[in-house]
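Look at the two complexes coming up: chain A is in both, with chain B in one and chain C in the other.
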Partner chain A sequence: MSGGWSLRDQYAISGVGATDFSRDSGRTPLTLACEASLAAIADAGLAVEDIDGVVRADYDSVQPGDLAHGLGLPNLRYWGTSGIGGAAPCGMVGQAVAAVAAGLATNIVVFRALNGRSGLRLGRGSAVQRAASRPVGGNGGYEEFFLPYGLIAPGQMFALLARRHMAEFGTAAEDLRAIALVARRRANANPAAQMCARPLTEADYEGARMISEPLRLFDFCLETDGACAVVVTSTERALDGPNPPALVRAVAQGSGPRPQAGTFLTALMRDELLTQPSAAVAELLYQRGGLGPADIDVAQLYDCFTITVLLQLEDYGFCAKGEGGPFASSGALDLDGSLPFNTAGGNLSEGYLHGMSHVLEGVRQIRGTSTSQVTGARTCLVTSGIPAATSALLLRAA
Partner chain B sequence: MTAHPDAPVPVTTDLDTGGFWQAAAHNRLALRACLDCGTVLHLPKVMCHRCRSTRSGWREIEPVGTLASWTVVRAALHPAFPPPYTIVLVELDAAPGARLIGYLDGAPDLAMGQPMRATFQQVRDQVTLVQWSPLPAVISGPSPDSLVPDLS
Partner chain C sequence: MSGGWSLRDQYAISGVGATDFSRDSGRTPLTLACEASLAAIADAGLAVEDIDGVVRADYDSVQPGDLAHGLGLPNLRYWGTSGIGGAAPCGMVGQAVAAVAAGLATNIVVFRALNGRSGLRLGRGSAVQRAASRPVGGNGGYEEFFLPYGLIAPGQMFALLARRHMAEFGTAAEDLRAIALVARRRANANPAAQMCARPLTEADYEGARMISEPLRLFDFCLETDGACAVVVTSTERALDGPNPPALVRAVAQGSGPRPQAGTFLTALMRDELLTQPSAAVAELLYQRGGLGPADIDVAQLYDCFTITVLLQLEDYGFCAKGEGGPFASSGALDLDGSLPFNTAGGNLSEGYLHGMSHVLEGVRQIRGTSTSQVTGARTCLVTSGIPAATSALLLRAA
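Our next item is the complex of A and B:
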């Protein structure tokens, strides 16, 4: 009935916090993590002493103990890590929910901090940067089947999927363009978005340089310095806070029926190229939440690339497999469409916080405080990254 | 294409994957397969995910495939790979579902489903990459079935 999930709406996000998003923060990831966490704790109406748990992302340089040391947490009694990479954020929230439900902690800070532009740029291929001159691969990572051939970056992998989608289903560059343009319009209304003051036209998109065909510059997200954090606690406690909580209706993680090792390139070796782990996660999430795609008022979809959004539109059931292109071009994703998406601008135009900013914007929609508020939004889908595995949340108003 | 001095080269001694590279050094294409149930284990690993046997070995595979996707890279990311160059994703005819990557200079004309044939590019002493070249038309001659061991 509910997939074994019995915690529907009983746990919540009670606070959200973020730093500024920039190309060069001038601070360490630890400082960024502390700033975002403090903001989230204050937003939840709590003090540092109230925080007894920390959940981080596997790609984060900040360890739980680092954050505890940085903030001076005197009562840390639970910590955990989730991943992989951009797949982490919704699963991190789920891990915090489980820990609070089990009585292991009371108020948990969940964070992601990175100097993703001025430091290690994931978009340029982190494995090849780490490898330097030594041989690549081994130990179950399988980089040896990809990096020696010049396949080193996530954008190249998603370009291969985009080309395949175009060939199989007739998806057009204009469909990807529609996704980029909607995300940019939402960023133009969001003062915190890096692209707030930068409108994007169809001509700008078409005229931008090709990076990895068929993907152009504006099909790629904005590598970013910054941090985001949320506080997870029981709904009962969250309702005592100064701001409306976002209830966790359901959360799900999954790697799909044919798991792959490695990080992202290995997804090219799965039986099915164009169905992502999102399809399995969607089924579980909807089952746990007792809801379906028609119940979603607004969606925050992980968007490292435009094609990433298009694949999820299909996997989360907003349209049939192969129909993602026409759906994206139909206007459905715009603020007055049937599925307003990435209302803060997303990875594409707000900033690439590796999926964590999507959780924050989901909370703002539930609170009614988004800079592109969807009128009467009560249910928000939030998704985290693909392709290796993924996670997702259904957030609900109390 | 000659190997750039800064090009990433594969580890060839990994216990799961090393056999692929050892075969490539002899200009042969080999995939790991379960000795008990025959399942092709690609990407290579000792344990069979179907029957959980740890008895696996290397089977030579006819070095032909079809083009499952490609991308022309126009942005420079690494000194060993000056753009433009093309990354190909090739599905092996004799092991459906098993795919390999290849590198092509420039931006050659390609078509989805195009037949591809493996070539062997020695990049270091004892290190050879399996590369893929487009074939102009469907291959004539013996069918792959008659050349390849049964992998069921």
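Our next item is the complex of A and C:
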């Protein structure tokens, strides 16, 4: 059983590219998208004329035609979008794989570009305020029932999940701290990470301001300006490129058995607050890939907040439900642990590219070129955001 | 050569559904989307639980999770979006075909829902005004260079294309009139069409007010509230359904050799004003389908304006470039002509569902259930909007 998926290892990421990550890029998202795309195309050993497809993220301000015009693509014959928000990137890669497999395109650029710090700051809840301008009771987001109470920003919602996890399972602030500190150590080794030169100690973490209890400053990701892109093509073509490809062993999207409307606040309306769509996606992903958690050499886990990582450790089967805290504190996530994670620093310490940088770092691990390389890594789990829905990838060495 | 496409006739539309079309639905887009989707699911002989994928249009306010929540889909494992605007529907079907072929989903609902008359009226240029709020020079739409001159609405832009066609090829107002009158006759036979009970004479057309010269009232489509949906699955599964499937012989998206940024005004910045992306898409579509214009029994051509139809008659090879006017006036488009078109009344006289209703009417022709059935129709061309980019489908009887 492979859940209907029959394309194991037949399609691949052949190139990756990124801009610098900063708090004020000084360029438009389109300029950032073009820069990252050109880098990915060159990394794949291709010319601009070879690109005939574009897949973008729903929150991106850059439309397919904008990028095609900016790059001067003479032969665009596939474009599409995936979402929702940070849940998009792995699903975007999956959509590109399907399009290439169907013969709708040959080499597809998958990108995410944003001025997430100098432009619209999603962490401030602006996106929710925008969404709430939709008709009341209209499209099911129900933001209007949260806004009057000041519940508006992602950090507030994830703080409630963290509090619930603490109440139900005895999870401690130190468990979240362990996640933040490991991510920072990986960033300290990565010159491209925004926090490369900024070590983080236990005392720094404890002394930082509380933003939304129990989440402190360093439990939050870094709002970032920048762009990331990859090229998706057939494994056969990718093997002709100048760099080792990362094979797509499996991909999965899912919203779990009870899909939620809206962006993220409706996750609070689930029957069981700590049941995330990642549990359903993990099951489907492993089934499609014919692999399990024991086969994962390294993981790039979406980390808008530390608690997001902790929940996924349970959902992707690295520990039992409720055991995420002790698992995180055990040292398992460090470079010499059983599950090295977010080896470029992740959203928490490299930069928040809405999950797209996790795909790039997954490719680097498979290629053996990470600044925190896991020796002999052949299988990498990459996940995208929760809680409304999510997506995930299993990448493999050829 | 099939342009990389190897899925001829292997995937199909197994069900279609629509709401009523009106000027004031009194329901939200989500309610409309659910209603059309439930109708399509029933028409495919499926239950809600059988649907595991959702594909939407970029301009739709209904997100995949909104529809999944509204319908109560317990097993959503694929979602995606296509665009741009009216160019989306055929590409949406193509994306769904690719996802089913890749094994990412089994039965996908493809939908478009809008309160296009009682809500945001795209014809008024509101969408352009919104787009222009993007940073100047930012994402390449360049709307800021048109707005100061009052060039803001789609009708104004297409009027310039019509004027150019008249100047270059001697196209006459009577040629556009012929298109409007044929579409209205088809609507007069279709109880679901908004203009079913409203005959249109040559005198009515001539006497109507000029909106954007040379385009008069009846050269414009009907801003409409409503929703349309189809179910995409494998042909094998579709053949088990209660109704005849429409096989996807081929699908194509394209933006032509010089892609344009933005939504539609940048089409005026092309080197050659009358070269539309439909020419490139037609070539790719016929190549993929192994068919040509002579094989088309009936066509559903995107008709935001009459001139849009005329341009496509040339681009899809039914007449030579510049001959669209005489061809339209020749009677070829009528029910007994060589190319019966928009047999439900189209955007001009049935309702403007942003191109999605054309897909539904294409299926009805293949099934033999149109209210203006073309006898023995086995191959139907369906096109989506121009001018920024476009997409098209070839549907075939099993």
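Quick note on the criterion: the second predicted complex is superposed on the first by the 385 of 398 C-alpha atoms of A that agree within 3 Å, B and C clash if a C-alpha of one lies under 4 Å from a C-alpha of the other, contacts with A are read in each partner's own complex, and residues count from 1 in each chain.
Going forward, contacts are C-beta pairs under 8 Å (C-beta built on N, C-alpha and C of every residue); 3 or more make two chains touch, one makes a residue touch a chain.
Everything numeric here is computed off the predicted structure, so don't read it as measured data.
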item: A:145 touches, of chain B and chain C: first, second, both or neither?; value: first
item: Which of chain B and chain C A:376 touches, first, second, both or neither; value: neither
item: First (chain B), second (chain C), both or neither touched by A:255; value: second
item: Partner chain in contact with A:125 - chain B first, chain C second, else both or neither; value: first
item: First (chain B), second (chain C), both or neither touched by A:69; value: second
item: Partner chain(s) touched by A:91 [first = chain B, second = chain C, both, neither]; value: second
item: Contacts of A:7 with chain B and chain C, given as first, second, both or neither; value: second
item: Touching partner for A:191 - first (chain B), second (chain C), both, neither; value: neither
item: Chain B versus chain C as contact partner of A:26, first or second or both or neither; value: neither
item: Superposed model, chain A: greater residue contact from chain B or chain C; value: C
item: Overlapping contact positions on chain A, where the chain C interface meets the chain B interface; value: 135, 137-140, 260-262, 266
item: Contacting residues of chain C [partner chain A, same complex]; value: 2-7, 28-30, 58, 61-66, 68-70, 72-84, 91, 94-95, 97-99, 101-106, 134-135, 137-141, 251-255, 257-262, 266, 284, 288, 388-389
item: Chain B-touching residues of chain A, taken from the complex the two chains share; value: 124-125, 128, 131, 133, 135-140, 142-153, 156, 159-161, 163-164, 167, 209-215, 260-262, 266, 268-269, 271, 273
item: Partner chain A, residues of chain B touching it in the complex; value: 6-14, 16-17, 21, 42-43, 45, 68-75, 77-78, 80-81, 85, 87, 89, 97-103, 112, 123, 129, 131
